[in-house]
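Read the structure below first, then the notes.
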Amino acid sequence: MGLIDKLISTARRRSPWLLHFDCGSCNGCDIETLACLTPVYDVERFGVVNVGNPKHADILLVTGTVNLRNREVLTVLFEQMPEPKVVVAIGACGLSGGIFREAPNVVGGVDKVIPVDVYVPGCPARPEAIIDGVVLALEKFREKSKGKGEGK
Amino acid sequence: MAGTVIPFGPQHPVLPEPLHLNLKIEDEIVISATPAFGYVHRGLEKLADIRDFRQMIQVVERVCGICSMIHALTYCQGLEALMGVEPPPRARFLRVIWSELHRLHSHLLWLGLFADAMGFESLFMQLWKVRERIMDINEATAGNRVILSVNVIGGVRRDLDTGQTGWILSELAEVDKGIKAMGRTILHDYTVQKRTRGKGVLSGKQAMEFGCVGPMLRSCGVAQDMRLLGYAAYCELDFAPVVEQDGDCYARCRVRFAELGQSIDLIRQAIGKLPTGDISVPVKGRPEGEIVARAEQPRGECLYYIKANGGKFLDRLRIRTPTFANIPALTVMLPGIELADVPVVLLSIDPCISCTER
Amino acid sequence: MFMIPVVLKNLFSRCATRPYPQSPRQLFVGSRGQLVNDVEKCILCGTCARTCPSQCLTVRRKEGLWEYEPFACVFCGVCVEACPTGSLAQLSQWRPAVRERERVVLKVEVKSQESGVKSEK
Amino acid sequence: MTITADRIESGELCRAVAALKEQGCRFVTITCVRADSAGAEMLYHFDRELSLSHLRLTVSGDEVPSICGIYAAAFLVENEIQDHFGLCFSGLIPDYRRTLYLQGEDSPPPFRGPSGPAGGQ
């Protein structure tokens, strides 16, 4: 459409904002995700900013298993994010439920509730692997935003 | 405006984990706080029915990623006592080294998050930068950054050679330097003092009544530390619990900061006294009976109740984690403070929700 | 106030950031990374499947299949230690992020060597 | 090996716990073990100067007296036992009515059945 839309779309691709949601993980993947933001791994050099508000976010990082209660929170967060959006599931728990997948209050991986675009294996996933996951998510994000532009 | 209820969480910028609080406030003052849980609950105690007692080591490690090593240690010590196994001396010292490395990384992590909750982001970044050295030591010695998986029933799975112990000592010297450089900021900075002094005060009597554990209890004048029980090799090392008197957020900060130095000292002592020999003994048979095992985690006392019937699967495994014991105290710490101080007071108990709910 | 000396020191010291995608760091020896199975050594005894805490391994002797769910694996290395023939090993390289669900199925024939990895959606 | 614990009846529970509080004991936790299909066994753990003392209570029905009035901190663990075992504590404040972790009446208490692989779902 207009020039402003194009500008916004480019800006979003160049500087994606992350929302991190802990969906019931053991903290291992969470602290590794946080470690990505700190000086030693510093994802901010790619323009990635961690935000607390789903309405500002482009990429949703989900760690941990989904249970009956946080399933609703996860869906609400996903729905509140603006299109296009990419979901990255981190860690064995986020991918399939991991070691807990047979526990009584566990639904399973994140993809049982919301569509997942990138899977980052590991228990916990290493910061490098998470960075890889974010890079893959960015590619996907580009594809999605292109597809959206053509759709219009 | 009498009694507006403000929901705090489950997804909140200062909270890395989903905890929900219903805060009833009047003007800006909290008058009551009711916690709500269930966002991280997995029910892993039930997994003891389908995973055998050896496989459960890896499961209990994942109760909490921050103090995973000590969870597995407590569980293994419980089973060792049940099965009459004595781990070799070298294994006991190695367990101390890894436990204290975990305490170091957990306290640094907490100090960072606490600084972040106060809005002191440069301190957060600096502390996490120092913490990466500990993560490197973890990875080089155990093969994984966070969940070490070093414990087995009857000993440990990995050994340290002399090159590694020397490298650990030199890395620790760097960590020590990094922490000391930050010490003045953490303890004497005007901003930190303003945000933490006199906030969330808990008296020693209250703390005992609410069953608080660990740094929470030690910050209000009660010298209780499960390491004094002398498990692993703590009986052969020289240390005294760090105690503060004030019972506010600042005192908790001081306790945890002092424990950083204590942990470094304990690792140095353990490496100095590290005996030679085997790192594990073979274990045969199956556990039978019931036992309570306790150990000191970064957040306080952790209790495992194990009941076994001589079969492959345990009858009952009950895990009481430190945050589970510390959360009830929030219901008396939060009322009376301003809404803006809630994140600081909440983080001062070092909440670990995945521990609490398991 | 007390932060200023630290900040100044950081300003004039070496960069702390590891330039990850540009120049990846060598991992430590003994890091627990990807799990691989050497089909030539595997005898399909099933010890790994029995010891796996996450129960992500399945050994089907009749079909001669060794199945591994990398998405449920917790990389603890218990199976590697339990393996009687040393066919299992952990590389010092983490498992890369992927865009589709995967499952590793290895065809093991105790005598001849035929293998295939396939990704399933 | 068993834990040495004083056996008490549910009528004496509150008095025994109050006596321990008088002595300056710290409340540690309650462990609930499903004994048979019908009954449950409760273990109350208390700590004093690093030594543990225990009280053992056998519950035959579904009703257990709450010790919240004595140790307020017990509300969390008693709510947890309500969730997990489907028991009911009388006089529990605040009572989450089995919604502490689970979804109340909709979800069956996971520890209800007899333990062991046969009883687990």
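All chains are identified by letter, namely A, B, C and D, in their written order; residue positions are counted from 1 within each chain.
Basically, contacts are C-beta pairs under 8 Å (C-beta built on N, C-alpha and C of every residue); 3 or more make two chains touch, one makes a residue touch a chain.
Predicted model, so just to flag it, every value in this text is computed and none were measured.
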| item | value |
| --- | --- |
| Both-way neighbours, i.e. chains that touch chain C and touch chain B | A |
| Pair joined by the larger number of C-beta contacts - A-C, A-D | A-C |
| Centroid spacing, where centroids are CA-atom means, of chain B and chain D in whole angstrom | 25 |
| Whole-Å separation of chain centres (CA-atom averages), chain A against chain D | 40 |
| Separation of mean Cα positions, chain B and chain A [Å, integer] | 28 |
| Multi-partner residues of chain C (at least 2 other chains) | 16, 53-55, 74-76 |
| Interface hub residues of chain B, defined as touching at least two other chains | 38, 41, 43, 46, 50, 58-59, 62, 126, 129, 147 |
| Chain D, residues touching no fewer than two other chains | 101-102, 110 |
| Residues of chain C that touch chain B when the two form their complex | 1-3, 5-7, 9-10, 16, 27-32, 51-55, 74-78, 81, 90 |
| Chain B partner contacts - residues on chain A that touch it in the complex | 20-32, 34-35, 38-40, 52, 54, 64-65, 67, 69-70, 73, 77, 98-100, 102-106, 123-124, 126 |
| Residues of chain A defined as touching chain D within the complex | 68-69, 104-105 |
| Residue numbers on chain B that touch chain A, as the complex places them | 10-13, 16-18, 38-44, 46-47, 50, 58-59, 62-66, 68, 109, 112, 124-126, 128-129, 132, 135, 145-147, 352, 354 |
| Residues on chain B engaged by chain D in the complex (per definition of touch) | 34, 37-38, 41, 43, 45-46, 48-50, 81-82, 208-211, 224, 226, 228-229, 288-292, 294, 301, 303, 305, 307, 311, 313, 315-316, 318, 320, 324-325, 327-329, 331, 357 |
